[in-house]
Structure formats: C-alpha cells, structure tokens
C-alpha cells in the first residue's frame, strides 16, 4: 500500500537537521566534550524524532486511515495504526 | 570541566548507526515509502537515542559525579545532573 | 458524543490496582521508606497508566473513529484523535 | 539503608491528588464517558507520576547519593541510582 506524505520538503529539512545533530554528537564524543553536553544533544535528537513522528502520524491518520476506512479496507489499517502508536509511545 | 567518556569507540559506532538510520529515513521520504514504515524507523531512532543516553548517563554518574562529590565540588554537579535527567525524561 | 468502551470490567480492575498502588506509595512516604523503592513504585504507576492508555486508545480507534469516519462525521474525530495521541506521547 | 525524604507533606498532597484522579477515571468508565476524555485523564496521571518521580529523584541525588558517596559507601548507591533512572526513563 502506498500513502502520500504531505509536506515532504519540510520533513526532509527536519531529517537533515537531525542528521546534522547526530554528526555533531559524534564530533563532541571524538573531542572529549563534557558528557552533560552530549546528553543534552541526545535529548534534543529524541525530542526532534518525537516531533517528526507526531507530524507523520497526524498525516497518516488524516490521509491514509481515513481513505482506507471510507473504502471499507479498514481492518488491516486500523490494526497497523494501533501497533505503530504502541511502538512509538514505548520508545 | 572535562570528563572522560569510557568506551568512546562503541559510542561512536552507535552514533554512526543512528546517522545511517536518519539518512535511510530521508531516502524513504524521497521515495514516497509508506508512512507506517517511516514511523517505525523514527521509533527506532528514538529508542537508539534513549539507549545511548542511558549509557552516557551511567558513565557520567559513575565517573564524573562520584569524582566531583568525593572532592567536595558537588553542588554544581548534582544540580546539573538533576537538570539533565529532567530534560532526558521529558524528551 | 458517546462511545462504547469494551471490556469495562477489566479496565476497572486495572484502575483499582492503580489506586491501590498510589495508596501504597502514600504509606511508603509516611513510613519513611527508601526513596529508590518509592521511585520504583512510581515507575510502575507510570507503566500501568501507559498500558491502560494504549488499551483505551486501541478501543477508541477500532470503535469510535471507524464508526465516525464511515458515517462521514470524521473531521472532528480525526483531529481529536491526533490531539489526544500528542498529549499521551508527551506525558 | 534509610534516606530522609524532604517535603513529605507536599509529596503526600500530590499523591492524594493522584489517587483522586484515578478514582475519578473509575467513575468516568462506570458512567460510560467518552474515551478521549478518559485518555486525557490518564495522560494527566502519567504526567503527575513523572513530575513526582523527578522530585523524589532530585531529593535522592541531593541527599542520599551525596551522603553515600562522601562516606565511601558509593558503589552500591551509584549502581542503584543508574538502575532506577533506567526504569523511570523506560516507563
């Protein structure tokens, strides 16, 4: 099944920024930076992934699930949605 | 203040893997992959940052805080530790 | 809008257990129990609320959202769902 | 090992409020209230446990760990602290 992701460009900008953050943490580790500063950067990556995950989830619910449900192909997509929310909440 | 991070090599391997995951998600977005699969990958990045954060935190508490406390330079380091745990728990 | 919650009895058993846990923590605080043990109990209450939240969320998505969407009353319910997931993920 | 918890009264007030919230959710379930409102209340219990957990953790680090470390009884208490933070972050 395919599903159109709205606002691809903005999502890619967020992902590029996350990639930059992860590379920045690598440099901090190599240069022996203070662990508290490394932890702050890791918290920031976690927050950025969570924010982006919520954007993708909203997009999915508003587009794909709604489309699937109104076309009576809903069982699989509802179960799949519940499963991905569980993974997301627990991580 | 500086603080020696034990197991730098293993930490860098984890960060390289996280960077690869984030780049993989960029490709998935560009290729219009299914949003549920994108979300699963984002949950995996969140779990990886959390895991690494706990490793750095353990290292910090066992090395830097203990050292600071036993040298009577503890006030700042204990407050800093509490603050970083708050950020980490909330993100 | 009303929405039928399946498995009310099991949900009430979980809530009774959570209430018992919270009262148990009160006794621990009054008796001056070790803070690590208090924290372990608080983590357990958090895990229990999260588990129950996921059960209610699954129930809501499988019942109420699906019903709303297939009856073309979907806009409000989808927005509401996204909002409650955001609250839940962030807390 | 014992450990003095500062601000017991305020902590007990928070726990009483949490107990009231959990009982309120039981009534909501019994009365067949809308699941989104139940979820909002559960998110609020999770946020309240997290907030209280951070208060107890701060108290523990500032009092018990510091005391233990400066008295050279630190190994066990540092390991225990790391373990409880892991439980707390993951739940």
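Order as written gives the chain letters A, B, C and D; numbering starts at 1 within each chain.
Assume contacts are C-beta pairs under 8 Å (C-beta built on N, C-alpha and C of every residue); 3 or more make two chains touch, one makes a residue touch a chain.
What you see is a predicted model, and the numbers here were worked out from it, not measured in a lab.
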Based on CA centres, what chain would you say lies at the far end from chain B? C
What whole-Å value do you get for the distance between chain C and chain D if each is reduced to the mean of its CA atoms? 17
Averaging C-alpha coordinates per chain, one finds the centres of chain A and chain C separated by a number of Å equal to 23
Once you find the CA centre of chain A and the CA centre of chain D, what distance in Å lies between them? 28
Where in chain B do residues touch two or more other chains at once? 50, 53, 57, 81, 88, 90
Specify the contact topology among the chains shown, as one of line, ring, star, complete or other. ring
Show which residues of chain B lie in contact with chain A when the two form their complex. 1-5, 8, 11-12, 15-16, 18-19, 22-23, 25-26, 29-30, 32, 34-36, 38-40, 42-47, 49-50, 52-53, 56-57, 59-60, 64, 80-81, 84, 87-88, 90-91
Quick one: in the complex, what on chain A touches chain C? 50, 53-54, 57-58, 61-62, 65-66, 69-70, 72, 74, 78, 81-82, 85-86, 88-90
